[in-house]
Every structure is written in C-alpha cells, then in structure tokens.
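Below are structures written as structure tokens.
In the two complexes below, subunit A is the common chain; its partner is subunit B in one and subunit C in the other.
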Partner chain A sequence: MFRIFKDKMLGKNSSTNQNYKLSKSIDKNIALFKEIFKEDETIIYRNFESKSKDSIKFCIIFDKNLSKMSSINDYVIKPITRKEFPNDMSAKKRIELLMSKILITCDNKLSSNTNDLISHILYGDSILLIDGVDQAIQICTKEWHQRAIDEPQAERAIRGPKEGFIESIDVNYTLIRRKIRSPNLKFIFKEVGDKTKTRICICYIDSLASEKVLKELYKRLDEIDIDGVLESGYIEELIKDSPLSPFKTIGNTERPDTVCAKILEGRIALIVDGTPNVLTLPYIFLEYFQVSEDYYTNFFYSSVNRALKYLGFFISTSIPAIYVALTTFHQEMIPTPLLLSISASREGVPFPTIVEALFMLLSFEILREGGIRLPSTVGSAISFVGAVILGEAAVSARFVSAPIVIIVALTGISNFLLPKMLGALILIRIIFLILSAFLGLYGYIFGVIGLFIHLFSMRSFGYPYMLNIDLLDDEEIKDTVIRAPWWLMHFRTRLIGSKNKERQKDYTISRRE
Partner chain B sequence: MKMVKFLPLMIIFLLTTFITSGCWNYREINEMSIIAGAAVDYDIENDLFVLTAELIYPSASEREIRVLSEIVTDTGKNFFDAVRTMIRRSGVKLFWGHVKILVISENIANDEKRLLSVIDFLYRDAEIRNDINLIIAKDKNPREILETDIKVENITSFYLKDAFENEESISKYHAVPLWKFVDNLNSKGISPTLPAVTTIKQKDKIIGQILGSGVFKGGKMVGYIDGDETKSYMFIIGELKGGVLVVDKYIEDDFSRVTLEIIRNKTNVTPIYSDDKLIMNIEIEVSVIISEIQGQTNFMDEKYTKSLEDKAQKQLKNEVDSLIKKVQKDFQADIFGFGAIIESEMPNLWNEVKYNWPEYFKELETQTNVIINIKGSSLRSKPIKVGE
Partner chain C sequence: MNIRIILIIIVIIIAVVFLTGCWNYKEINQFIIVSGLAIDYSSVDDLYIVTIELINVSGGIDEQEAMSGETFESKGVSIFDAIRNMIGKAGRRLYWSDAAVVIISESIARKGIISALDVVIRGLEIRSDIFLLISKEDTAAEVLYTRDLRRQKVISYHIEDILQSQEETSKYFRVPTWIFVKNLYSSEINPTCPGIKLVTYNNTTFHQIGETAVFKKDQLIGWLNDENTKYFLWITDNLKEGVYSMNLEYDSSYYDVVFEIFSNQTTKKAQYIDDVLTVIIDVQTIVNIDEVVVGPNASSNENIDALEKIIESHIKKKIENLIHIVQNKYNSDILGLGMTIKKDMPELWKNEIKPKWDTTFPKLNTEVNVNIKPRRSSLTLRTIRVQD
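Presenting the complex of A and B:
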C-alpha cells in the first residue's frame, strides 16, 4: 500500500545526474567544471604552466576549505612548474612522467569519470587537468578539522579504554584496525545516498563471520535508495528485521572495544561516515544487558550487575502496572498495614489510580526529554524542579498520592540501567499499565505473554532474537544472566559464532586443575 | 494494513480505559471500607442476626498516618443479609478481604443451624480469607469484645490477631483458622475447638482476654476447657510449640517453684489393639530449659535434675490424663482426633467403630507416657544464694 502511494507521489523523478565527458582541450574541461560548480566560490581553479618554452598548461581544481593548500603548493604546483616537459611527448607518456616522477603525493589516481572526479573534489581531493589529455589525476589532499578522540558520553566505563569513535570513518576504521591486527579483518567500503554519497564500511573477520549474514547484508544495503544518510540510524532502520518493533535488531555503540569484541564473536560491524555510532549485527536481546565493562571487571561483580539489569527490566516495565492492578483489583493481596498506608495516602486524591499513574509517567518522560538536550547546568535545574517541586508539591496538594511518586521514580531510575532499550521500555510500560487498569493482574499477564510472543518471534539476520534466553545449557549460560570467568568461556556465542566455535583452547582450564 | 488496524485499536483501548474505569471489580482503595474484624450475635426475640463490624480508616495528617476504627452494627435475616444491610451504616461497600477475626456469640455456637449459616457464608464467599480466626465470645455479647479499650494498638481485631500469632509462647489458647475448623467439622474422627475470649475489667478499662477453648460436638458447642487444659490439649494434638510448665518441688523440705520453658515438643499418638481392646498410646517428649527458680536448690545438680524431671513428668501426665477423662465424661467430643488417627492407622477397625464413635470414644482407654528432658538453665547454672 505504502509503495503504491510512494510511487504516485514521486511520479517519474529519475536521477538528474548526467555523465559529462572530458575532452582533450584543457580550456573546455575547465569550462565544464566551472559549469558544474556554478556560483560556487569555494572551488579554486589554479592555472599554471610547466617550465619549458612551449609549455604545457595545467589546471588544478580543489575546494579551498577541504584541501590542504600547503601540500598542493609543495607537492603539485612547485614540482610541475620547475620541470621541463619535452615537446614531442605523447599524452600517455606525459601522464606517466607526472605520476611516477613529478607528483610526490602518495595517493594519485587517473580517472576519466567526471561524477567520480566531482565527488572527489567535494571530499577534499584535488583534480589535476592536463592540456591534451582527456583524463584527470586525482590527488589526495584531504584535510579538515575533526573532533579529538574522546570518551563516549553515553557509554562511559570506569575500567576499560576511554576512547570512543568520532565522526570520521577513517579514524574509526583505524581504531578498530589497531585493536585487531589480523589480515583476516576485512574492511569493505561502499557508498550510500544519492546526494550525500556517504561512505560506509563493512567490517568483519572472514574466518568468523557467516557468509549468509554477509550476503544478506549486502543485499539489503544494495536495496537502499535514499538521497541522504546522515547517521547510522538511517541505515539501521532501512535494513533492520521487524521494522515495526520497538526493539533493536541491530546494535549500535560508540565504543571501539565493544565493536571489536562483537567482531571477535563473529558479528559484523558497519561504520558509517559522519557518526560515531557504529552498527553491529546480528543483534540479540541479551546484548541489551551486556556492557563492555562486564568483561573487564571481576566476574562476580559483573554477574551482580547483570542480575541488576534484569531486575531493572522487570521494574521498569512492570512495577506501575502491578501497582495499579493490586490497588484497584486485588486489594486482598496487599498486606493489611501496607493497604492502610496506601489508603491513607490516597485520601482526598481526586483522580483514579490509573490516571495518576499515567500523569506521573508522562511528566517523568517530559522531564527526561526536556533535560536531556539542555546544557548540563540548566539540565540539573530541570531535574531538580522535576523531582522536588513537581513530586513534593503534587503530593502535598493531594493531586497525586505519595506511593505513585515512589513507583514512578523507581521506574524512571531503573530505566537508566538499560539506556539502549529506553524507547521499547516506555512503550511496554504504558501498554502493561493500560492492560492492568483494564483487567488487573489478568491483563498484566496477557501483556507479558504478548511481549514474549513478540520477542520470541523476532529474528535478527536469521538468528533467533531470544537466543540463549530459552535454555539453561551449562555452556550457553556462561554469558547470559551471569558472566563466567574468562578461563571458562571456551566457546563463542551459540549460532552466531558457529563458524569457528572455539574461542580459546582447553589448556587454560587443565593448567588450573 | 497492519498499521491501519493497529491505530484505531489502540485508540479504542485508551478511550475505554478512561470511560470504563468503573467496570467490574475495579475499586479504588479509598472508596471502600476495610473491615478488620467482625462479631455476630443472634437476637432471639426478633429472630435476627446482629452483625457488628470494626471498620478501619486511616487518617492522614501532615506528617503521620493514624489508623482509627469505628464499630458499626446492623441486623439481617441471615448473615449475608446483615452484611449487605450494613452498607447503609458505612455508606460505601465493605471490603472483607482483610478481616482478621470473627467473634461468634454463644447462642450461635450453641445452635447447629445458626452456626452453619455463618460458617457457610464465610467459607463460600470469595472475599473472605480462609485463614481468619474464629473466636467464641464467652459469657459476653460479641459486640463487647470489639469494643474493649485496647491501649497498645487502637484496633481490637488487630490486637486479637497479634495475640493469636504469639500463641506459641503462651500456649493457653489455640487459634483455629476457618479452614481448619470447617475441615474438622466435616470429619468424623475429630471434633473442632475454637478459642474463647471474654472481657475483664481492669481498673476502669475493659480489656479482652483470650483463655481456654470452646469444645464442639457435631455442629454445636458443648462446653469449655480452661487455659491450662488447653495447654494439655495442645500437648496431645502435638501443636504445642512453646509456653511454660510450672513445677512445685520439695527437696529436703526446701520448697522450690521452678518454671520450665518448653523449647521443643514431640507427640506421638498410636493406637494399640490387643486382646480385643483398643488403647491409645500417647507419647509426649518435651525438651525444656529452666528459666526461673524460686528457691535455693541448684537443679543443675544431676540428682536434683532427675527428680525435677520426674516430678514434672508426673505432673504433666496427670494434667493430660485428667483432661482426657474430663472430655470423655463431660463432652464425648473427640477433640484430640483419636478417630482420625485410628482411621489412618487401622482402617478396618475404624469401619467397625465409626458409626458409634462418640460412645466408643467415651470408653476409650488411653495410656500416657511423658518424657521431659531438661536441656539447660539459660544463662545461670546456679540459683542466687542469699547470704546469711
């Protein structure tokens, strides 16, 4: 249905990209580029000639802000103007001479594809036009400002590397390469986006990653036909399984160590230029509960943290729903003293419990969304106003009862144990809440069953989404609810790492015994 | 297509949540009256059930929450009728899910039909828990039990409930939850008992006092046993978990009153059939510690310990035997569950005797063996010597 609608709207809007052809005359070629970059003042056309009497005309075209001018001066213009070209030289010879002896930059390429040339100019490279040649030389002169490598704000670790990805794909690539020094680590570059021509990089270890997943990934990436990709989120939504689900089936992280760990488990990473968020796939439900620090700290401590995250998932999705169900349907299940204190605090509150709960949850989400993008000084004021003024004042004015404030605060804090699941948690919480306001615990259980049916029916690139949650095999439990010590984790994750199961040889354990 | 169906469905869901907030079983906590306990009496003149309920309502002030209670009374043709008519006194629907105790008057307990009418409703109704405690109001109007001046906790029902929960350190009354009472009532081989409560005047306050048990036979109450007899009763049925034994003992003309604290008790009742005669063999094994000595004798001395044990055994055996005799003679109600034991141990014999069990029980011979082990003497090994 949507496809028909889309086609109608767009009509026959085919690509406007024409393929220009370079000619042998340099003046014509310059005119061609001037036509293409009409009214663009950042493109520089520098004409110069070689030293000899009947000199050859050259022209270098580049973007003055994206290219490093000093290297153009020193390594392109200076050597050429000082060199004498023999008059009777053929065009082919001239290029050979230029490429091998004169241009002392490291990455030069000959090309006659104008679209290619244009995109290189716009990416900071220089184009050298030569009189009498219907080709141009691309010279690598990229240089622009980028953020320093910094600790990712959203995924801090107390123990573990403090570096994070940045917006440049080339830097991000090096961060991964530096950690896994193996020729098996492959980087495949592609471009997506008609207009943005965003570079993406598929990164995997070819002895570990499944060919089926790779094939499927290539297929899905090839199907992308969008004008621009500004963040990996575009690609994530375009290629993910279960597109209507609030749950992620493709992971993202800003931490190079996390990406490397996932690559080493047989997963595939997808770096997108212009964003520090790198995608990893396939992604299973359990990965919500795993953070890189789990693997660096003591395994007891990590297991406790894992357990807390599962508890946080339960609290965050269910506590408001269970509270509403108990207080409005199953009062006999509440211990008498607790019932009395809830009853006392609800004295004089005008709204039904469900309205209270929805109102408080809504105001919490408003505070969260309001505070998150503000500068930290203003943000803390927001949270202060929210927590103290709104909560306290609403209770003392008898707008809401005190228990619901406690419930919502608890829910809100538990939210942040699973920061990546935030969107899904909000949705599940509201659905559970409404169901239990309808039917009590009966409705809540319906919601839980529905959620589990949904989760168990999902796939991520062919792998079951709830992988390793449904079984308690002594091998597979080692990296689920608990985090086993490293000397016990002999095998990679089931299915995902099946191409090469063995993570480490048995000798570590035998040495211990 | 999925999306098109999903959206209206969600909207309907949300709308109905707000519209049908008053649907079945949806009750806001503060819109109902919570009953802590109830008392039921029978008005013989007008043939009406008189129901008294203790409603609790929390009153929240600025900083603290106080729980207050209020006694309301109404009447009805039967128990449930009274329950419903009571709404006109409280204004809102009554919530019976947290009822802790139900006090039954003697004139209901003494009449099979009336008692069953009450018990049937309690057992049938979905809201009332099966573990509420039933109590007999001895010599008093049950309403008076709920109207006592309790200082510790404002709510009489909670006070009574707490007293039942701590029975194991007193052992002078035995709490019977509703389900157990009904079970025993149904069963042929065991007769139920209920704890009795009365009120006494202390200075100018009236306070409730639980003591002893009412003995039931068939569907009605036939009499009472007092507090110490209840302790013996608990010894026999093996429910005793604590309490004290007070033993008077002369050692070489030196009188000592020793209090033994029961720390463990194990009772084994086995039927022995020989020579056409059935004897119930009751083995009671009690572990005690000396917790108070009124006198100068050091009972941790081995010879005195032995004699104290002998004295205590003899005393307990007498108490148990006399209780059995009394129940056999006065009530003919098998409150000890001997019948149930015979049924499980000797089913063939039971089939013969079950039709005239009450008569058989009256003549049943018992044989009691009491073993008391003194395990220690708390923190002191010697009594306090008074210097000359």
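Presenting the complex of A and C:
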C-alpha cells in the first residue's frame, strides 16, 4: 500500500549515479575530479614530478581536513620526488615499482572505479594519479578527531568494564577483537546508504553463529535502499521482525562486554559506523531482563535483581490499571481499612479515577521527556518542580487524590528497571489502563491475554521471541528468572547456541562438588 | 477486506463495552460504607427497626479526622423496606460489602431469627461472612449507639476486633452468618452464636462479648453462661489457646492453678455396643503451667502427675455438667453429637436415630476422656515460698 503511494508521489524513478571513467592523460583525470568536486575548497590537488629528466607527472588528491598531511609529505611526495623512473618502463611496471618500493604507507590499493575513489577521498584517503595510467592508487591517510573511550552513560555498571563503544567503527572493532582473540571471530564489512556510504560490520564466531540467520541477515541488509544511515536505529527498523511491534526484536548496547557475551552465545553483532550503539541479533524477550553486571556479581544477588526486574515489569504495566479496576468496579476486593483511606482521599476530588490516572501518567511522561535532554543543573530543577507541584500541591489542592500519586510514582520508578523497554511499557500501560477503565478486571485480563498472544506470536530471525519463558527445563532455566552460578551453566542457550552447545567441559562441575 | 476487519473490530468493541454484565462502574466516593447493622422489632407499631452504622469519611489528609462512625435508624414493614428508607436519611447509596457485624435483638431471636437473617443471606452486597451477634440488652440498636470513644471510632469494627482476638482468650467464639445458616439447615446440629452486652465501669461503657445463645431450630431458647461457654468451646474443638484457672484441693489445702492452653484437640466418636449408643469425647490438651499459688513443687514429675490427674478429673466433671445442661435443660444438640453419629454410622443415623432425635438426644450416653499434657512449667522450677 505504501509502495504504491510512494511511486505515485515520485512519478518516475530518480536519476542513477553517473559513471565516470579515468583516462590515460593525467590532465584529463585532474579535470575530471575538479569537475566532480566543484566548489569544494577542502580538496587539495598537489601536482609533482619525479626526479629524472623526462619526469613523470603525479597528482595527489586528498581532503585537507580528513587526511594526515605529514604522512602524505613524508611517505608519498618525498619518496616519489627523489626517485628516478627509467624512461622505458611500461605503465604496469611503474605501478608495481610504486606500490612495492616507493610508497611506504601501509595500505595501498589500485583502483579504476571512480565512485570508489571519490568515496575514499571523502573518507580521508588520498588518491595518487599517475600520468599515462588509467588507474589510481588509494593511499590510507585517514586521520580525524574522535571522542575518547568513555563509560556508557545509559548502561553504567558498578562492577565490570567501564569502557563503552564510540562513534568510530574501527575503534569499536578493536574493542571487540581485543576481548575475543580467536581467528573464528569474523568481521564482515559492508556499506549501506547511497549518500552516506556508511560502513557496517557484521561480527560473529563462525563456529557458533547459525548460517541461516547470517544468510537472512545478508538478505535483509541487501534489501536496504536508503540515502543515508546515521545511526544503527535506521538499520534496526529497516530489518527487524514484527516492524509494527513496540518490542525490540533486535537488541542494542553500548557495552563491548555485552556484545562479546552475546557473540559467545552464538548471536551476531552489527556495528554501524558513526554510532556507539551496536546491534545484536537475534534478540529475545528475556534479554530485556539480563544485564551484563548480572554475570559479574554474586549469583544470589543477581537472581534477586532479576526477580526485581520481573516485578518491575508487572508493576510498570499493571499497577495503574489494577488500581483503577479495583476502585471503580471491584471495591469488594479492597481490604476495609484501605478502602476507607482511599475513600477519604478521594473525597472532594472532581475527576473520575481514570482521568486522574491518565493526567498523572501524562505529567510524569512530560517530566521524564523534559528532564532527559536538559543539562543536569536544569534537570534537577525540573525534578524538583515535578515532585513539589505534582506530588504535594496537586493533592492538597484536591486536584488528584493521594493514592494515585503513589501509584504513578511507583510506576514511574519501576519504568527505569527496564530502560530498554521504556517505549513498550508506556504503550502497554496506557492500553491496560483504558481497558480496565471500561471493563474492570475483565478488561485488564483481556489486555494481558492480548499482550501475551502478541509476544508469543513474535519471532526474531526465526527464533521464538519468548524463548525459554514457556518451559521449565532445569538446563534452560539457569539463565532466566534466576542466574545460576557460572560453574553450573555448562551449556549455551537453547536454539540460539545449538550449533555448539557446550560452553564448558563437565570437569569444572565435578571439581566443584 | 480491511474495512470489513475494522468493522468487525468496532462491533466487537461496542458489544464488549455495552453488552457485558460487568457494567457496574462506580467511583469509590459515590457511596457510603456501612460498617454494621442492628435489627430490632417494635411490637408497638409492628415495624422492623434497622439501625446502621455508617463510616463518615470526612476527606482530609489530617489523620485524626479520617473516619468516624455515624449511626442512623429507620423503620419499615420489612427489613429491606427499612433499609430502603435509610437512603433518604443517609443521602448516598449504601455500600454493604464491608459491613462487619450484624446484631439481632433477643426478642427477634426468641421469635425466630430467620425473619432477620434472610435479608443478610439473600442480599447481593452483604457478605455472608459477616459476624452474627445477639444483643443481651433490651434493643440491638443500643449496642451501636454506645460509643466507646477511647478505642476505634467505628463501633462495628471495634466489635469485629474483639471477635478477631478470640483465639487469644478462648472465652467466646465468633460465628459468621453463613455457618449459622448452615447449621440451621442441618438436622444434626443446632446453631449457636455469641451474645454482646454493655458493661459500665468508671462511667465508661464497654462492649463485652460473652455467653452463648442456644438455639433450637431458629428460636433462641436460652444462654450458656461464660463458664459453660468455655467448656462448650472445649467440646466443639474450638479452643485454640487461652488461660484456664481453677481451684483445686490437694493434701487438704486449696491451691489456685493457672495454666495456659497451647493446643487442644477434641475428637468425638460414636459407638454402638449392645444396643447402647455412646458418644465418646476425647479431649487432648497441651498446657503450660503458668501460675501456682501455694502449691506443690511443679517441676517434680510426681507432683506434675498428681496435678494432671486432678485437673483432668476437674475438667471432665465440668464438661459432663455442660452436656447434662444441654441435654436436659435445653434439649438442643448444639454440640454436634448428631453430626458425629451421622459421620460414624450413617445408616443407623438415617434409619433409626434421625426421626426421633428429639427424644433420643436427652437420653444419649456420653463418655468423656480428658487427657492433659503439661509441656513444661515455664521458667521457674518451684513456687515462691516465704522462708519459715
């Protein structure tokens, strides 16, 4: 439906890329690049010649802000200008000599594809044009400034590595490679985006990751036809299963240790240049509740934290709905003293309970969204205003009743136990609330049934989304609601790690016992 | 195709919202919570008088003001009529689910309690686990009108609190209405329920629950006094814990012995030997001797054995006395002996005993065995004695 609409809007397919061709004359080639980079002052064309009498003309083209000029000086221009080239040398020999003896940079490549060359210039590489050759040499001279490796703000850990991914794909690559020093760890680079030509990197252990998932991933990535990819969120939305669901079927994280753990379980990571958020797939519902720190701290403590997260999921989705259902339909279910105190606090409040609840939830979301992007000094002012005005003043002005403030506060706090599920939680909460305002607990139960039907019908790259939630196998439960000690988890997760299930040999256990 | 699906969804939503039976949306502050009711009958104008206690929720964050009881009274040809007449006075719709006690006047109970209980059991909103009490005062309304201001401000909930602490005292018991009605239905047991009276002390009036109303079918025929109520609890296996004190004679001097009941198990068994039907009542009680005033050395085993024997025979005598009263004075099987016979020998009960239970019951043989097990003698080994 959308495709038909899109075709109508565009009329005809827009123009394709023009294909330029290099010629043997260096002047023509320079003119060609000057035509391509018209009105671009940052591109430098440096002409120079070799030492001998019948000197050969060279021209190096680079972007002055992206390339490291000193290495161009020292490793390209200087050696060439000091070298004599024999006259009778063929073009092919000349290039060979250049590549093997003269250019002392580490990564050189011969290419005749102009589009490729252009994108390399714009990525900080230099292009060396040689007179009489219809090819050019790409020389790696990239250098630009990037953020230092820092602790990810959204995924802090008390115990565990404090490094996080940054915006450079090459640095992110090193962060992963350094942790898993195995030749089985494969990195496959690709490019997406017509204009941005964003580099992405698919990263997996080939003895663990399933070929089917890889094949499916390649297929979906190849289908992407978009002008630009600025963040991994673009790719996530373009290739995910159940695109209309508020739940993630592809995970993302800023922590290298989390990515490595997932790769070791047989998952595949997708690094996108220009963003610290690395995608992992397949992603199942349980992963919302798993944090890298769970695996580093004591397993009792981790299990308690897991349980708290499940409780948080329940509270965050259901408590407002249950409160509204009980107070407007099923007063019989409230214990007498509580009924009396709710009744006392509702005395004189003008709005129905559902309006109160929606109003308070809305104002909480406004505060949350308002506070996130502000500098921390202003942010504290926002939270102060929120606490005082919404909590205290609204109750004493009889605008809302006190219990609803408690309910909304509890809901809001529980939200942050599952920061990655925030969007889905808000949606579910509002739907449950409206259902139970119409139908009481029946409505709430309908909502719960609907939610579970939705969750159980989803798949992530062929794997059931609710994997390991629906069965009580003593092997599979070890990393679900509880986190078993490491010496007990000797198998990888069902299905995802099925290619090589054994995580550790049995003797570690027998030694323990 | 899409439009059809959307239409179907709309139809389902409309049907679900408007046609379902649970469409009883009501805000919590649109009704008044009733905490208890008392039912009287005025023979002067032949009308029922229903007194209800409402909880006056004066909204406010101030805790002191949170709630207080408020009593209303109205009359009607029937109880339901009287309740309906109440709405005019109370102002809002009444909410019955949290009512805790129903108090019925003795005069209604003597005439037949069904007329008063029907509305409690039949009504949709009143819960059938509401506690039933018979007023020992002239009217039932008096109980709800008397405010014991030192305690809970809502009298009905105060009475409920007293009933809830039954386990600690074991001097009275609580009867939810549904159990009372269940016993009314059955031919093997007659219902009982506790009484409530007002006691004045130091110019303050208290509510006191005690004694047991003995019913024959649906009519009140008399009361068991406080002492007998205890043995009644003993026989019916309702004794949880509590304190038991007794005077006893030992070595020709009197002692006061107080012991704490830890747990009690009473089993009843019916026996039919040589055409004689006997109900055997086995009492097994674990106690802790709490207080012995001028008494034998409680720790020596001999003395404990002697003490045990005396206590056992004492309790046995009292229980037999109670059975005697129930059999001869009231002729009402409130002890559930019929139930025991039915359970142990259903055929005999059905064919021979049930039709003439009224005449058999006073003559029924019973055998009481009391077994007291002192667990320990608390912290001290011997009683405090003044040195000679």
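As a convention for this text, the second predicted complex is superposed on the first by the 510 of 513 C-alpha atoms of A that agree within 3 Å, B and C clash if a C-alpha of one lies under 4 Å from a C-alpha of the other, contacts with A are read in each partner's own complex, and residues count from 1 in each chain.
Everything below uses one rule, namely that a contact is a pair of C-beta atoms (placed from the backbone, for glycine too) under 8 Å apart; a residue touches a chain by one contact, two chains touch by 3 or more.
The structure presented is a predicted model; accordingly, all values stated were derived computationally and were not measured.
Overlaying the two complexes via subunit A brings subunit B and subunit C into a clash. Touch criterion met: A:395 reaches subunit C, while subunit B stays clear of it.
Touch criterion not met for A:72: it reaches neither subunit B nor subunit C. By the touch criterion stated above, A:440 is placed in contact with subunit B and with subunit C alike. Using the contact criterion defined above for the overlaid structures, shared-chain residue A:244 touches subunit B, although it does not reach subunit C. Legend: residue contacts after superposition of the two complexes on their common chain; A:269 is shown touching neither subunit B nor subunit C. Looking at the shared chain after the overlay, A:355 reaches subunit B, while subunit C stays out of its contact range. Once chain A of one complex is fitted onto chain A of the other, the partner contacts of A:328 extend to both subunit B and subunit C. In the superposition on chain A, A:175 makes contact with neither subunit B nor subunit C.
Put simply, subunit A uses residues 327-329, 331-332, 336, 339-347, 349, 352-353, 438, 440 to touch subunit B in one complex and subunit C in the other.
Only residues 1, 244, 327-329, 331-332, 336, 339-347, 349, 352-355, 434, 437-438, 440 of subunit A touch subunit B when the two sit together in their complex.
Those residues of subunit A whose C-beta lies close enough to touch subunit C in the complex are 327-329, 331-332, 336, 339-349, 352-353, 395-396, 398, 402, 438-440, 442.
Partner subunit A is touched in their complex by these residues of subunit B: 1-3, 13-14, 16-18, 20-21, 23, 25-30, 32, 34, 36, 56-60, 65, 67, 95, 97-98, 100, 127, 129, 158. Within the complex formed with subunit A, the residues of subunit C that make contact are 16-17, 20, 22, 24-29, 33, 55, 57-61, 66-67, 95, 97-98, 100, 127, 157.
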